[in-house]
Each structure stands twice: as C-alpha cells, then as structure tokens.
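Chain IDs A, B and C follow the sequence of writing; residue 1 opens each chain.
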Amino acid sequence: MAGLELLSDQGYRLDGRKAVELRKIQARMGVFAQADGSAYIEQGNTKALAVVYGPHEIRGSRSKALHDRAVVNCQYSMATFSTGERKRRPHGDRKSSEMTLHLKQTFEAAILTQLYPRSQIDIYVQILQADGGNYCACVNAATLAIMDAGIPMRDYVCACSTGFIEDTPLVDLCYVEEAAGGPQLALALLPKSEQIALLEMNSRLHEDHLEKVLDAASKACRDVYAVLDRVVRDHVQEVCTLLGE
Amino acid sequence: MAWVRLSEAEKVYIAHGVQEDLRQDGRSCEDYRCIEVETDVVSNTSGSARVKLGHTDILVGIKAEMGTPKLERPHEGCVEFFVDCSANAAPEFEGRGGEELGTEIANTLYRMFNNESSLDLKALCISQAEHCWILYVDVLLLECGGNLFDAISIGVKAALFNTRIPKVRILEDEEGSKEIELSDDPYDCIRLNVENVPCIITLSKIGHRHVVDATLQEEACTLASLLVSVTSKGLLTGMKKVGKGSLDPESIFEMIETGKRVGKAVHVSLQEILNKEESLGKQRQKVGFLG
Amino acid sequence: MPGDSRRIRGPEESRCPLLYALPESPQAPEQARTEPRPLYARAGLLSQAKGSAYIETGGGGGGTKVLSGASGPREAERRDGPGLRGARLVCEFRWAPFARLGPRCGVGTALERELSLALQESLEPAVRLERYPRAQIHVWVLVLEDRGSAFASALSAASLALADAGIEMYDVVVGCALSRGPGGCLLLDPSDRDEGRPKSGGCLTLALMPALNQVCGLLCNGEWTEESLSQAVRLCMEGCHRLYPVLQQCLVRATKRKISVPQSGPA
C-alpha cells in the first residue's frame, strides 16, 4: 500500500503504538464450566480461546501411552470467519498442523509431565478473530487455561512476536505488519528462569541484529508475564471470595 | 454428541420427575434455561452473534461474499451453512470426530430454510444470472450442554439480524463490460429482514411426557425427539424426528402444538433483546467472553 | 493449439443451455388425492445379498423404482461407544446417476447423507437391535428411477429387505409421502411433477409401524400451519395402513418361494 509506513519518523506505528509497546491484553479464566480448564484472551483485535481437558486416561490406542510421562495433545484451529477472507477448513491444513506441533513442543517443555505417567493432557486452542500474533495469543491463552485446570507447570509460558524494521525491533505485530513481509520472530519464554521454550523466525535477518531483536522480544514477554500474573491473581482472589474463605 | 453416562436408577429418577412436571433444575416441562444473546462479537464478519443457553455455547459468524447465482434460480442469492463442532466442546470432536454431527446440523438448517418465505433471497441478487451475494453462515460450537439445535437456530437468527451487507452499484462501460462498485460508506448497507426466520424447538420425549430444552442428562434418557421449526407468525417450516425410539401419533400432535406455542414465545423475547441492542447502538458495551 | 486452422474452435464463453430453455407450460393442477398409487413389491430377488427387496410405484408413464439390500449381522468394527448395547445399523441411501431429471441431480450431495441418516433413525425403532450385541447390520438403498416420493418407497423397501434377511423386527416399516399443492390441497404420494413445483407448500414423509401404530420416522419441509400439518400426518398414516397388506403379501410370497425351492446353495 503506497504511503502506509510501518514506522513513522516520529516513532509511531500504524495503530499509534511505539515500537516497544504491546497491544492491550484482556483475559479471563474459567470461561466454560464443563471443561477442566479454560481461558479467553484478547490481544488487541486477536481473540483466542483455549480449553484444557485432563489429565485423563489415554483415549484411543493404548500404545501411545508413555510409561513415565503424560502425553500432551494439542489442536490449533481457526474459526472460518476469523480471517478477512473466509477459511474453508477450520483445521487440518498444513499451517494448523504446524502450529499444533509448535504448541505441543512448547507445552511439553513447561508442564511437569513426570507427575502423570500413562495419561493424556488435551489442549485445544481456537482463534476467534485473527489480527496478527496468532501463535502468541494461543500460547498465552493456553497457559492461563492450564493454570485454571490446576495442572502444575514449571513456570508461566509467555509469548510475543517481534519484527524488525529500519533498525528498530517492533514488538507484538498486528496483521498488517505481519503481511508486510519483514523478518518476524516468535518467542515463547519461561520468564523467571529466562529459558526459551520455542523460538521461530521467518524471512531474513542479519546476524548482527539478532541479539537486539531477541532482547526486545524477551522484554516484551516479561511484560506479558506481568499482565498474565495479574489476571491469575485476580481470578484466584475472586474464586476465594465466592467460596467464602 | 458429547455424552453423559447415566445409571438406570438416575434415568428412572429423571423420568419420574418429568411425570410430575418437575425437572432436575426445578424447571417445568416447557421452560427454557436462561438464554444470553449478544450480537456483533467478531469484527471480521458481516454479522455475528453469541448464544449461551445453560452450558451450551455457540458462536455464529456470517460472511457475505460475491458469487454467481445457482443455475435454476438466477434471480436469487444463496445461503450456505457450515457447522464446526470444535474440540473445545468435547475431546471426541478432535480432528474429524465432529464432522458427522456438524453435517447433520447443517443439513437440518438447510431443510428449515428451504422455503420461500424464511429469507428474502431476492434481496441478495445484484444482477440476474451473473452476480449475487452468497451468505456463508458459519456456526462454531464451543461448549455442548444439550439442546444444540435450539441454540444454533437462535444464534443464526440473531446473526442474520446483525448482518450488514454493503450496497453495490453496477457501472456499465461503453463496451458493455460491467464493473461492480462497492459503496465506501460503512453505514450504507442492506439489512436483512428476519421476521420470518424460523427457530428450531426440540421436544424430547421422556416417559410419557415431552420436555423442551433438554440438558445432557435428560437427552441420555430420551427415546425420541421431534425437531420443529417455527417462525414468529406460527408457521411451521420443517419437522424432523430424531432418536432411536418411535413416537405415538397423539404425542406428535401434542408436540407440534407445544412447539408452536413455545416457539412463538421464544421469538417474542429474542426480538425484544435484538431491538434493545439495536437501540443502544454505539453506546453498547460489548462484553463477549470477558463478562 | 495455436495456429491450428483445421480445428473449429468453440465460443470462448459458454453458458449452460438450460438458461435459454423455454419456460415449461403450466400444467393443470392435480386434484387432491387421498389414495396412494398402486405399488408392486417383491422380496428376495438378489442372490448375493442376504435380504433384498424391490418396490415400484406409479405405473404408467414411468414410476419410482427402488432397490434395497440388507446384510448382517456381522462383527462390528471396534468402536468404543458407551451405551451401545445392541447392534449398529448402518444405512446408505443413494440415487443412481440416471435416476432424476437433470444432470446428476442429487447424487453425492448433502441430501443423500441426510436421507441416509433419516433412514437409519426410522429403521432403528423397528429392528430388535438388542438381540445382536456387538454386531453390525448394513442396509443400502438404490433409487433407480425417481418419479416422486422416493424416500417413502426407500423406507418400505429397506424394511422389506431387512425382513427378508431374517433380521428380527417388531414390525414392517411402511413409508408414505405427501405434498401440499399451491391451493392448499393435500396430495398423497406425489409424483415428481408435484414435488418439484416451485410454489409447492411443502413435502412430508412419514414412516409408520402399522401393527403397533407407532411413528418411527418423520421428515418435512416447506410452510405449514398447525392444522394442515396435523391433517397431513393423519392422511399419511391412513396411506401407510393401506399399503401395509401389500407389503405383508409380498413377504409371504417370498417365504413360500424360499420354502418350495429345494435346499441348494446358500439358503
């Protein structure tokens, strides 16, 4: 699009944010009563819903059971009306399968699976509205849902996407910024121990800039952690009040 | 369908309660659970609605796209239904597990809308035999707490009410080639007339009586159900029997009568809510899933 | 191919010829019909299937011809369905590609899947599924020619095939269809002309077990008022009761044929 700059000279992006600002995050835990754990998150215009069932006995073939750990089973799907152009199939295409695998990898690193041998934990994530940062919103929502289900984790898993334009890392990309085609880095971090659960990069980025971008991404993840922590504490307080303790 | 295992004693308990017109949560046989409806929850769509009926949660999104009309109906647009039973609702729906239920619900929706008066498809036509609007109605099942058909039909009606289709003009060149121009003004749009859009009422037979709005436990005790599709004026646009059991003809007549009565009441309250939301306009606080 | 002067090229843009077809001349409206058309039924005609049936209705000018087969009970595929104490009934309903007017109309569409499911739900109340635990019974129906009320004939044919296969049932399922004309008159057992009318008020198909007087299947669409719908259901039930003796006779004849043939080959 002619005349649409991703980063203006004054340092403002398309939606008026500065380069290091995150979008507004609103989240809620315990959205559905029938699932073991559920959470809903809104990062700007991206809306994601995560539901956790488990730990329970392995469904289907018993051969998939691991004798010392739990199996983490994920599914990522996007609603057909979530994107600007209607999607024909909610899940099952390559992109969704790839995201599913990434989610599985991320949460196998974070959940204490040794506590539940021979069982299965299901994490289902649904994107209701896609406006950039889909994977990151999913990871954040899934973290909250796992907490809601009471499954022990090593640490929160916070994710944020980062881009790089005109020597400045841009944090928490929206759809237009993602579609512009520059380098994008998605980082899923365990904030307290500063360990990386998943790191994924697209396009081309010079090695010299990598450190800068990674630092910006880590800082953004720690900001996300602050927000999620607040949400969890508020929720626990609310539940305790309702229980009358 | 996500199911619940009940013992024989529990089934007998529920059946006896229904006999006395008292259900597990204190409702009578013709009462609905609390229904929450909210429109315009997803911004990428032409219209959307969210319905929460007890533990059943449905999200409906409508996208209007331009296409060519069907061959045998060149002056009408068309409506396509797609139901996605997501894994959120039940772990059995993971992968392709929810497809069977999804196609069954979509086929029922097609049947109920397959008549002249439900939706004015002629309003969706842009130019005969060449261009028309195709409405893709996508239903997303988020949580399954019994009575899916009712919730989905209420959601579809609310989403259709909320749909805004941009107005289109056809410009003709000198050579005769046509160009389509979409109006830029976001408020210049066509709204659909949902007066005659039907709602499906499910009447489940438990013992010798029938109940409206069955929960998962009550559905496990049901032998047979009758789906009746009623418009706000009391016209019946479709009927279908589902379930493994058979129905007595007298029960069918009773069920039709109940369905018509309950259906009209549902339409009245739904229209009230939709009008209230419409009157609030821009000031309405959108709650969505955060409330 | 470029520069091929011998081949005559067709037009670049082509449209379906039906767009330019002359509109059909208006037909005289049918009077209300309260009796189903004459029906011919025969069971046990296929040697490969365990049970089979053929039904033809209508008669002069082409009628609806439906063929059905049943097999089972066979061992079920292992599927952990809670609460499934009896057999699984798997039904398939298909139109032959040449069955209806218009190119491949209705074949492989969602309508076939919907009718297969409706067929299963209508036959399940009639079959004694609890007598065959962990088994699977297959029923398939093929509509060879569809001149109206195909699904109703399919219901009757499928239940005849099940009975012919020796599967225990409570009663034979009889199917009857009805359509409502534009003037509101009710037409029992409509021909395809009546069903396909654009301004028809609606269609109703009913499956009944006449001896028990229980409705096991009901499918209807169109616009109805409560009174017209109740009247339509009653008419359909009467039609089913009229067709019942024909189906019973057909089963008796088929059994006699089986007994009189000496025991040779698979029985």
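The working rule: contacts are C-beta pairs under 8 Å (C-beta built on N, C-alpha and C of every residue); 3 or more make two chains touch, one makes a residue touch a chain.
Only a predicted model underlies this, so the values are computations on that prediction, with no experimental measurement involved.
Taken pairwise by the contact criterion, the protein chains link up end to end in a single open path, with no chain closing the loop.
Among the chains in view, B has its Cα centre nearest the centre of the complete protein Cα set.
Between the CA-based centres of chain B and chain C the separation comes to 28 Å, rounded to the whole angstrom. Chain A and chain C, compared by their mean Cα positions, are separated by 51 Å.
Taking the mean of the C-alpha atoms as each chain's centre, chain A and chain B sit 32 Å apart. Under the contact definition stated at the top, not a single residue of chain B touches 2 or more other chains. Of all residues in chain B, only 3, 5, 71-72, 74, 103-104, 106-108, 110-112, 114-117, 129, 220, 224, 226, 234-249, 252-253, 256-257, 260 touch chain C in the complex they form. Against chain B, in their complex, chain A makes its touches with residues 26, 28, 31-35, 38, 40, 42, 45, 47, 49, 51, 53, 59, 73, 75, 77, 79-84, 86, 90-92, 122, 124, 126, 128-130. Against chain B, in their complex, chain C makes its touches with residues 16, 18-19, 82-83, 110-111, 113-114, 117-118, 121-122, 124-126, 199, 202, 204, 209, 212-226, 229-230, 233-234, 237. Note for the complex: chain B touches chain A at residues 42-45, 48, 55, 57, 59, 61-63, 65, 82, 84, 86-88, 91, 94-96, 136, 138, 140, 142-145, 288-290.
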